[in-house]
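Every chain is named by a letter (A, B, C and D) in the order it is written, and numbering of its residues begins at 1.
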Amino acid sequence: MGKNILFTARNITKKYPGTMALKDVSAELFSGEVVGLVGENGAGKSTLLKIIMGNEQPTEGVMTMHGIPFAPKTPIEANNMGVGMVFQEQSLIQNLTVGQNIFFGMEDKYTRFCVLNKRKMHEDASRILEDMRLNHIRADRKVSSLEFATRQMVEICKVFHVVKRSGLDSCLILLDEPTSVLSDGEVRNLFENIRLITAEGHTVIFVSHRLDEVLEISDRIIVFKDGEKVDEVLTAEADESILYEKMVGRTASGEYYKVSDQVEPGGEVLLETRDLGRRGYFRNVNLTLHAGEILGICGVVGSGKEDLCAVLCGDESPTSGQLLVRGEGKKFGAPQAALKNGILSIPKERREESIIASASVSENIAMSNFGNISKIGLISKKLEKAQAENYRGKMHIRASSLDQKVGFLSGGNAQKVVFARALASDADILILNHPTRGVDVGAKEEIYSLIRSLAVQGKGCVLLGDTLDECIGLSNRLLVMKDGEVTRECDASPGNKPEQVDIVKYMM
Amino acid sequence: MKKIKSWSLIFALVTMAVCGAAMAFAAEPVTIAVSIRSMSSEYHMQYVAGAQAFVDTLPEGAAKVQILPCEADDNKQINDIKTLVASNSNVVILVDPNNAPNVTSIAEACEEAGVYWVSFWNTPEGITPLSYKYWVHHQTLDGEAQGYDIAVSLFKSFKTPGKGKILVMEGMMANTANEERVKGLKRALAEYPDIEILDDQSANWDTNEGLALMETWLAKYDDIDGVWSASDGMSLGVVQALKAVGLEGKVGVTGVDGFKDAIDAVGAGTMTNSYVNNGWLQGGYAAAWAYAAYTGKIKVDELDAGHRMFFTEGYLVTKDTYPDYIKNFVDNPPVYDYSNLDFCIKGPMPQ
Amino acid sequence: MNETSGSVLDILKSMLSSENLSKILSVASIVVLSLVFVAINPRFMVSRNITNILNDMSPLWVMACGVAFVLMLSSIDLSLGSIASCSAVMLTVLFNSIGPGAYIVVIIYGMLAGLINGMLHTYLKIPSFIATLCTQSIWQSVALLISGAKPLPMLPPVWPYIEWVKITFGVVPILFIISFLLMLLYTVIQKKTKVGRTMLALGENESAARLIGLNINQAKITAFFLSGIAASVGGIIFAVKLKSGIPTVGAQYNLMAIASAALGGVALSGGKGDILMTIIGAGLIIIIQNGMNVIAVDGYWQQIVFGALVLIAIYMNADHNRRDLVVK
Amino acid sequence: MEKKQYTSPIAEEFAYEMRRQTRKAKIINYAPVGVLAFFFALLSAIAPGFLSLYNFRTILNQLSVPLVMTMGLTFVILLGCTDLSGEGLGGFCGCLVTLLVINTKNANDFGAPAFLIAICCGLAVGLFSGFIHVKGKIPSFMVTYAISSIMSGFAVMSYRGQPAMAKDPLLTKITSGSVLGIPYLTVASLLVFVAAFFLQNYTRFGAYVMAIGDNEAVARNTGVNVDRIKMKVFIWAGFCIGVSGVISAIRVARGDVGLGKDTVFPAITAVVVGGTTLTGGKGGVVNSLVGALIVTIINNGLILMGVNMYIRSALQGVIIIIAVALSVNRGKKVIVK
């Protein structure tokens, strides 16, 4: 393995309003190696990648590439310096061919007198695909006609090509969760390609939730936690349990998660599923949620937990099994129907799925239940304000005024608004999907006590924790999911909290 | 950014000022407003030209013409007229109501403001100038007669006169002129039982649509003797469609309005006839009447019914009358004597 | 700097925030435009012309209020014009048979027409542009069929039913009051009811609105429903104002109503707008049209000046401050 | 290294599910062709004279203007924008042509270059609308609405109330001539189609337009000059509108502002019926060709059937609703605007 330093990062810090996404991260990458990047959700991996790609600029710190200062303002600048990234969300243009996508933005080579030589483009693309052993993908097919996994391979192929094209001897390729939608054979193929490419002297950063994959492909593993780099180990010296300990770091602190406030769930069964399944996502899920209970669901990305959530809150329909609310079988056509039955979700992607950015704080809070603030069927501004004022005080929402647009609030405060809305909605079954994602530490603790108080009030919560730690700390009971099925159910009452490593066994 | 905004404000000001300045500061001439469907209509521009011809006979600065195009929007037509009478008392108005019912509102607005006005073509049943003080008169060409005349002239031009197959191309639906002309056609058909109607569709007074409609018809019917079209605009489209398949001149085509191009086509034999409305006469005399009422030369309430509602004369141009028409109307445009107001009256309108 | 002056500054700043600024600017554009017209011809401001402007505004304003809801969803309603035409014709026809009850029937018709649009759009998932374009031609045909393709005058026997149109309160005509009341009702619906809130929320972020548990289909259908009512009220105003049912009377008002709403600050991309501000849009358009006649702009220039002024006005009302703004 | 199994039964199910969706998307993609075939068969059966060589020629003739118009609009709609300027601008370009060839109003005799001049005017106005839309950040809907009004004004002004009749024998030659039985004008419109097809598939411009419509942020991040591409699209639309104006002027040999009337909305309808989505990024010129054909044959067929003229447009509306309803994706979470 060549030991030339390809890339360095020194003291990279990234602050968002209210949160510190990255704290003082330094790293060195050598040519021709694969570096695994592991850490829980929100540990700062994605932020670091975005900074390297030029999607975000660091608040502090410097980077170098090939020994010269490297501070990309846009992804193109990064590309030109030999840095490319495969995004979690695909960035292929659906209605163009595979070849056009691979060469997107660099058609000059194939353009003569304004005419695009598509055949040559496709030939070259085929060659690139062949190089990557992807002979089965035809370069002249439209991306929209390809299967999802195949698209992912094309995306990877495109990025490999983009960076190689910079003409530099060694390039840096960032792969952010590239395997989550790939099949077995494709993962194998990807790994072979990664090896081929590193053999040429290029460097790959590989991010995955599947520790086994990381262990298989990488030479070195960097572990992130809470925006900090906590350790760096050689793969040869690591195994899953070691890694996991490092990722999790501190053992669950009862204090932090207000375990002392945890209550014994009441007898009433609020929500029950019988062999619930959604074709292609999860199957045979049986769960019961009691009043006053927090039910944690753990699992890696793609384990089906998100899809289970979507079904529970009415966003998607199940294809098999039954869903019972307070003992009655229900079918939800839309989240609105679920809300009528007292089920409300707090979605994962706050900006896209849960706040109306241009509406004010008080309007957002009122949105799931207009009953409290209406007089003779009309919304009363006064009541709306009073309600918002009430929650602002109770939940310490920091906004310059209640008329401030939620889009301008920090993540933590926006999330508190979302919680306030859930409280105001009178729903007694809450599906909390990563409720602390992108929220700073202070706000996190406040949200934890909030969740506790929800349980005290007798509401039932299904919790998808942002971290395993959180999930264990908050829950009364835990379900562990893997590959769409529940692999374990365990008790997590105070003083009886399972060890993370035990849980991880069933997740991975 | 704010700078650009303030600049755009200034630009707005300047635009308005430039457009307005030219006409606004002229001293107190009487405004002869002509409310028409659109400036893009050749026929309606004949009114304007007629009114202008009348104004030219007056001493300089006595009157000016202002056009109020309503772009086929009934509501706008009434808005425009009301605006004008509210902001200007030295005004008389000549109106071609976009649709007949507009007359009622216009009559009320003018009555209230004390503005003399004249209407053309359309008036709803039962609403006549006789019950108003400021509605000088209503003049029209007999639409039904036009429809009848062009039909008869078309039927007579067939190989076997009075026998043949025709297509009927109507104008804009919901339009009074169209209704009347079609009524005339029906009367003619009753008199000529051997005429067979192959098809009856609308082309919205539009040349393009007339062309497309004729093309489709040509695909469907082989044996066409003539096309009864309710206006020259559509007829010109029909002629184009015929020309493309080499049938021009072999299929008779009628028209109404007297577009210059249609007259030429009649001369060239590609159209059978066109009924000239003579907008110059209509516009010129309407202006003269209204101006006379305004200056007090005539007392409107003393006029008899025959002077308050009358037909003006048009001219049916056919192959035979074409040279005559060219001689009397084109080569030597008629100069009208506006002091003889009765000149334009062909006959009283039946009550 | 002490604290009070800081807060005063804050208040000033918030007043001049981009949103308020554009509101101020749009009001300013009306004032400036009026001043220019007055400067050229002082008679622009005589009371009778003010009455005219208010009267002429009313149908456009009513229709703009209705279509504003649809635009807030970032959908579009192109059927306004022919619903209005059809309403005008129905009113005229029904006066003869059922008298003043016709008003109610016509408004019910507007509701139905709106419902149909809404259901085609929500349940069949047809883009609103196409769905309403098609219903537009359907209602146009219906209007022509009912009227026998003739403009129908209201004859003296039914005049008593429409006498009220002439009532004025000072310079303010009753039609304006009606439009104002409808605007008030719609403002209440927008600001004070669940559906109103839902419309804005789903125009801004449909996936979020859905997950929040808002009833999306209901809100969409309601928007088209309200638009349908507004169109039929617009049609009634046309009919009583023109004393006739003309089957093509509304044809020009599709785009004009949308333009009015947009001029009043309703974003065509949805999620933003204020029913009250549609008065600015309708006012601007009518003032431009009215003023051009008062100052006697040459007929050939009228459309050109109209287009140019609309461009300038919309430019002044547009939000240019956000760099990442995607404008379609 | 041990042979490890990465995937699970649920992953196979997932892959199957994805394949099913892809298949469904494919079927929806081809739905417009099915709709075209259906209407063609239906009209052949019930419309007298529909299935004749002469009528095909007529259809081709009538296709020319809408086809050119849709070719321009397709690109605009692929961006997710709208262009309503066709009504005024098309009329203006048409009027201009008749005033430049031998005509009844003036002594001009530019011959064929007149077409070029008129088309260039369309192009310039397209550039202007694009510029205002992009730089002024004004919705294209409003910009082009205003531009349409302005251009109708200029069109009427160009002939001052009396439209010019083109007397140029060149025009007659063009309207009556044909290659292989296809009228020249249709050939011209097909050439525009070929150009559009070429632009979309064989230039980077086409790829960029698709990319911007699909995901503007990705395009921007890849270094595409989004603003410039958008302006180019409006220039192309202006060109197409210019050509369609010129074609209609040649067809009727008369320069009336009405030439542009009722061309825009049918063209947008054709684009959508063909399967291009109004939100952009999906569809293309071939779809629009199919859409234009559907709209044209429906119109032609209904006239041939002698359908009552009041009902004709209503019937068209109903048919289009059905045609679109057949070809939209009605997934639970699909957002339609």
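Please note the rule applied: a contact is a pair of C-beta atoms (placed from the backbone, for glycine too) under 8 Å apart; a residue touches a chain by one contact, two chains touch by 3 or more.
The shown structure was predicted, so the numbers you read here are calculated from the model rather than taken from an experiment.
Novice: Using the touch definition from the top, what's the fewest steps needed to get from chain C to chain D?
Specialist: Contact-graph shortest path, chain C to chain D, evaluates to 1.
Novice: So, comparing C-alpha centroids, which chain is the farthest one from chain D?
Specialist: The chain farthest from chain D, judged by C-alpha centres, is A.
Novice: Between B-D and B-C, which chain pair is linked by more C-beta pairs in contact?
Specialist: Result of the comparison of B-D and B-C: B-C.
Novice: As a quick test, compute the distance in whole Å between the mean CA positions of chain A and chain B.
Specialist: 71
Novice: How many angstrom lie between the centres of chain B and chain D, each centre taken as the mean Cα position?
Specialist: Whole-Å distance between the two chain centres: 35.
Novice: Approximately how many whole Å separate the CA-defined centres of chain B and chain C?
Specialist: Inter-chain centre distance comes to 33 Å.
Novice: Indicate the whole-number Å distance between the mean C-alpha point of chain A and the mean C-alpha point of chain D.
Specialist: For chain A versus chain D, the centre distance works out to 42 Å.
Novice: By the touch rule stated above, which residues of chain C touch at least two different other chains?
Specialist: Chain C, residues with two or more chain partners: 144, 149, 207, 210, 300-303, 305, 308, 315, 320.
Novice: Tell me, which residues of chain B touch at least two other chains?
Specialist: Expected reply: 39, 173.
Novice: Residue numbers in chain D touching 2 or more other chains?
Specialist: Residues 152, 156, 160, 310, 312, 333.
Novice: Which pairs of chains touch each other in this structure?
Specialist: Result for touching pairs of chains: A-C, A-D, B-C, B-D, C-D.
Novice: Which residues of chain A touch chain D in the complex?
Specialist: 55, 74-76, 91, 93-96, 100, 104-105, 107, 111, 114-116, 118, 144-149, 179, 181-184, 187-188, 212-213, 216, 279-283, 304, 315-317, 334, 482-485
Novice: Which of the residues in chain B come into contact with chain D in the complex?
Specialist: So the residues of chain B in touch with chain D come to 38-42, 44-45, 48, 170, 173, 199-202, 206-209, 211-213, 215-221, 233, 236-237, 240, 243-246, 260-261, 264.
Novice: Residues of chain D touching chain B in their complex?
Specialist: Per the stated touch rule, the residues are 48-49, 52, 54-55, 57-58, 61-62, 104, 152, 155-156, 160-163, 165, 172, 175-176, 183, 248, 251-254, 256-259, 261-262, 300, 303-304, 306, 309-310, 312.
Novice: Give the list of chain C residues in touch with chain A in this complex.
Specialist: Result: residues 188, 191-194, 197, 200-201, 204-205, 207-217, 271-272 of chain C touch chain A.
Novice: Inside the complex, what are the residues of chain C that reach chain B?
Specialist: 25, 28-29, 32-33, 36-37, 40-41, 43-44, 46, 48-49, 51-53, 55-56, 59, 144, 147, 149-156, 238, 241-249, 251-253, 286, 289-303, 305, 308-309, 312, 315-316, 320-321
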